[in-house]
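One structure follows; several queries about it will come next.
Per-chain numbering from 1; labels A, B and C assigned in written order.
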Amino acid sequence: MQTAAERLQATGTANALEIRGVSRYFGALAALSDVSLSIKPGERRAVLGSNGAGKTTLFNCISGDFPPTSGSIRFFGEDITDFPPHERIRRGLRRTYQISLLFGGLSVIDNVYLACRGVSRGRFSLIRPRRNEALMQSASDLVNAVHLTEIQDQPVSELSYGQQRQLEVALALSGAPRFILFDEPAAGLSPAERSELIEILTSLPEHIGYIIIEHDMDVALRVVESVTMMHNGRIFKEGKPEEIESDREVQELYLGGGHG
Amino acid sequence: MSRFIERHPAWTFVFFVLAILLLLLVFAVWPPGLVAVMGKKKIFLNALLNGITLGALYFLVASGFTLIFGLMRNVNLAHGSLYLLGGYVGYAAVELTGVWFLGFVAAFIIVAIIGVVLQVVVFRRMEGEDLRQTLVTIGISIVLADLMLWYWGGDFYQILTPDWLSGPVVTPIISVLKRSTGDPIYIKYPTVRLVILAASIVIGVGMWLLLNKTRIGMLIRAGVDDRDMLAANGVNVQLIFVVVFAFGAGLAGVAGVVGGTFQSLAPGEDIRYLLASLVVVIVGGMGSIPGAALGAVIIGLAEQFGSVYMPTYSVVGTFLIMVLVLAFRPQGLLSMR
Amino acid sequence: MALLDQTPANAGAAQEGTSRVGQWLARVHPAAWLVVVLLITLPLFANSFILIDIFGWAMILGMIALSLMFLAGYGGMVSLVQMSVAALAGYMVAIFGNSAASEISLGWPWWATLPVAIIIAVLFGTISGALAVRTEGIYTIMITLAIAAAFFYFTRQNYTIFNGFSGFNSLKPPEIFGINWRDHVPFYYLILFWAAVSYLVVIYVSRSPFGLALQGIRDNPRRMEALGFHVTAHRVAAYTFAALIAAIAGILLSWFSNQISPGTAGIGPVIDILVIAVVGGLSRPIGPFIGALVYVLLRTFSLDVLEAVGLDGSRFKLMIGLGFLLIVFFSPDGLLGLWERWKGYMARSRNEFDPLGGGER
């Protein structure tokens, strides 16, 4: 166990995310093999690759939904490889999900409020939150940040698909995130909703870094400063967006493959 | 089995010792010291045999319940009503024809038909809606209970056993030695209970073989694991469901005739046997036939030994077993999950 | 629409100054005010039969069903043990306080008896919950039903504490503050007070962090776990909270019927509570009370009605069962659901004629 001072020091010097030799096997099938990745604090990166390249498995290993079979993951210098998901959330790591895992019976604001509450004390409180309470305030700020204020009292099950994706982003921003994993946030969105998403992502506070998995290159390459290409569970290429875009190998494998 | 011995040599030894002890308790003549502690050997043996035969009855009821649950995730809380209805139908058939065996046939067929109706009308329409299925079957059991009360009244009925089955059989187990001559006195036990025990074992082993060794059994078990895969392979899943449901319901009907023979039929027995099934499958493990057998024997023995050795707290014993299982192995002793 | 609207109004910043209570009261539906006034003034024009045997009984059963609704509607856990919790509280009042079985009853004063009774019943509810939450969904019903059955058989067999088959008679509310609470009007107000308190507390708690978390767990336990919530602890705490309501109702029930016996929490009454909650509607706290009133009315008058139309009066259970079946088959959300659907239908047909008229949803 580190002392607080050590951890603070580590935060200052270490990478936001330091992945070393991570592999994940499902039976004999290697979904990830020997993946290493370093991301600086505040860095924004896209992970690209065809379906089955291991992108979502990588997210699951980082977020703790499935621990890796081997390898280590450090978050701001702290080894989180064996932490349960909620311990990672407490340290400021967030993720969004491809399939909707929202609380359908609750309103938009309550969804965000729960996400804020989860990382704070008083989860068993029987006292209703007041409208001006700090947590409620930050919840409604987040709802505002993802442009859902007008429908904040509607049950989530009545929201459109695009609105639910926006809410996913708000949940990921709750608490004090230091790093976010976005799992295909633009999938299934209309062009208008896409540009709204780009605006939300680019206007995030500078200290929040993220990794984004995205098929839509227009979205992915506009919101990141570096790109990692994956193929068959391995890292295949790393570079700046414009390098990747013009790379011949990448184009053959990914962009040229008739992918939308 | 051999794997278990390899993995847990200590436990195997403990089980082995316990089995020897039990055999000694059953077959040896009890020394006076033991009689002073545990009472007469005859009482112990009667509790043991009654517990096992009661377990056989519980197994018949619970195996249908657990089969239906195991394959279709349908919780049929009207299962107790099917049991009681089977008993009444069997009684009527025996009264009408005078043939004991026909009681089983009639009960199986009629209750199986009701099972088919239930499956088609209720469960198929509410696939995946666990809570609604449960609520509907509770409603059905309320309605059936009142209809049966209306028709058969509140009296006790007992199905008469045929002559060749009535009366006791002498077992090769010595009760005591005659004090004067030293001749052994053997335990006598009602024939019909032993026959029912044997029949339950045959049915249980048959079901296990059917599920584990035949093609249709493979299909059923595959359906438990992955319904869509089964459907994709061109198997008529709905037909399998109907057949299994009918069979499970029919078993409950047969159990009703058994229960009506060595106990009695009356309003309220439906709930009693529903609860017994619940406890048996909770203890044994949902959806597992061997689990139902193990759970049934444990609960049957606990009830009988409880009522002999600590009459006021026999229910507590049964309940305690359930609580312990839930606390340490919530999925049941022999769960499929 | 529930009598009390649960969703917070879209209070803009401008309204922030006005009193919260005032805002809250303004949101109460006019029909709700009518019901409140009716319930408070009922003793002025109703006889003791209507007062106690209809409304009093309905409110007590409604409270027990409310504790089930809280678990099922907000927590997704259908617990059949609530009636047993209520009965245990009644038993404890008889055992620690006064009853006709003077060789068992300890004769403690009410201020000692009542808290102890409630604490013991809540403990029982919590432990049952702790066992039930080890499994999920459909298993909960089966396990709680088994626990309820064990409670019934145990109280029937045990004579040293629970006085076996006959239970305890002559249970009466104590005289407190010089008021004889066994008189009809005070007893009615006592029931009304506690029913109203439980109803309002459930509504309040449903929007508290605890209540919201419970609903989150109902919708998606895995994600709640990932967000840092302790799912099991929340579920068990929900059982504790529900048991508190059931325990208070159980004490009132024992005073209402002057007795407590194994039959109070037999399998029949245990299922009846489920029927009441489901028929009323599990989505809102008012549902259980509506269900309870319907149940009590049916129970009280079905004999006369059945005989009046020339049927056998003893087929009451059949009627309840068939009614329950119809509701479950056609309206999973009970009478509330039917009402809501009818309102939706009316709103839609209105909108067809009036393009400017906006429906509520």
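As a convention for this text, a residue touches a chain if its C-beta (ideal position, glycine included) is under 8 Å from a C-beta of that chain, and two chains touch if they have at least 3 such contacts.
None of the values given here were measured: they were computed from a predicted structure.
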item	value
Distance-to-centre winner among chains (Cα means, whole assembly as reference)	C
Most distant chain from subunit A, judged by the mean position of its C-alpha atoms	B
Whole-Å gap between the CA centroids of subunit B and subunit C	36
Centroid distance [mean C-alpha coordinates] between subunit C and subunit A, Å	43
Separation of subunit A from subunit B, taking each centre as the mean of its C-alpha atoms, in whole Å	53
Multi-partner residues of subunit A (each touching 2 or more other chains)	none
Subunit C-touching residues of subunit B, taken from the complex the two chains share	73, 75, 77, 129-132, 134-136, 138-140, 142-143, 145-147, 149-150, 271, 275, 278-279, 281-282, 286, 312-316, 318-319, 322-323, 326-327, 330-331
For the subunit A and subunit C complex, residues of the former touching the latter	63-65, 85-86, 89-90, 101-107, 110-111, 113-115, 117-119, 122-132, 153
Residue ranges of subunit C touching subunit B (in the complex, touch as defined)	78, 131, 134-135, 137-139, 141-143, 145-147, 149-150, 153-154, 157-160, 267, 271, 274-275, 278, 312, 315, 317-318, 320-322, 324-325, 328-329, 332
Sites on subunit C touched by subunit A in the complex	7-8, 10-11, 16, 20, 204-205, 207-213, 215-216, 218-220, 222-230, 233-234, 237
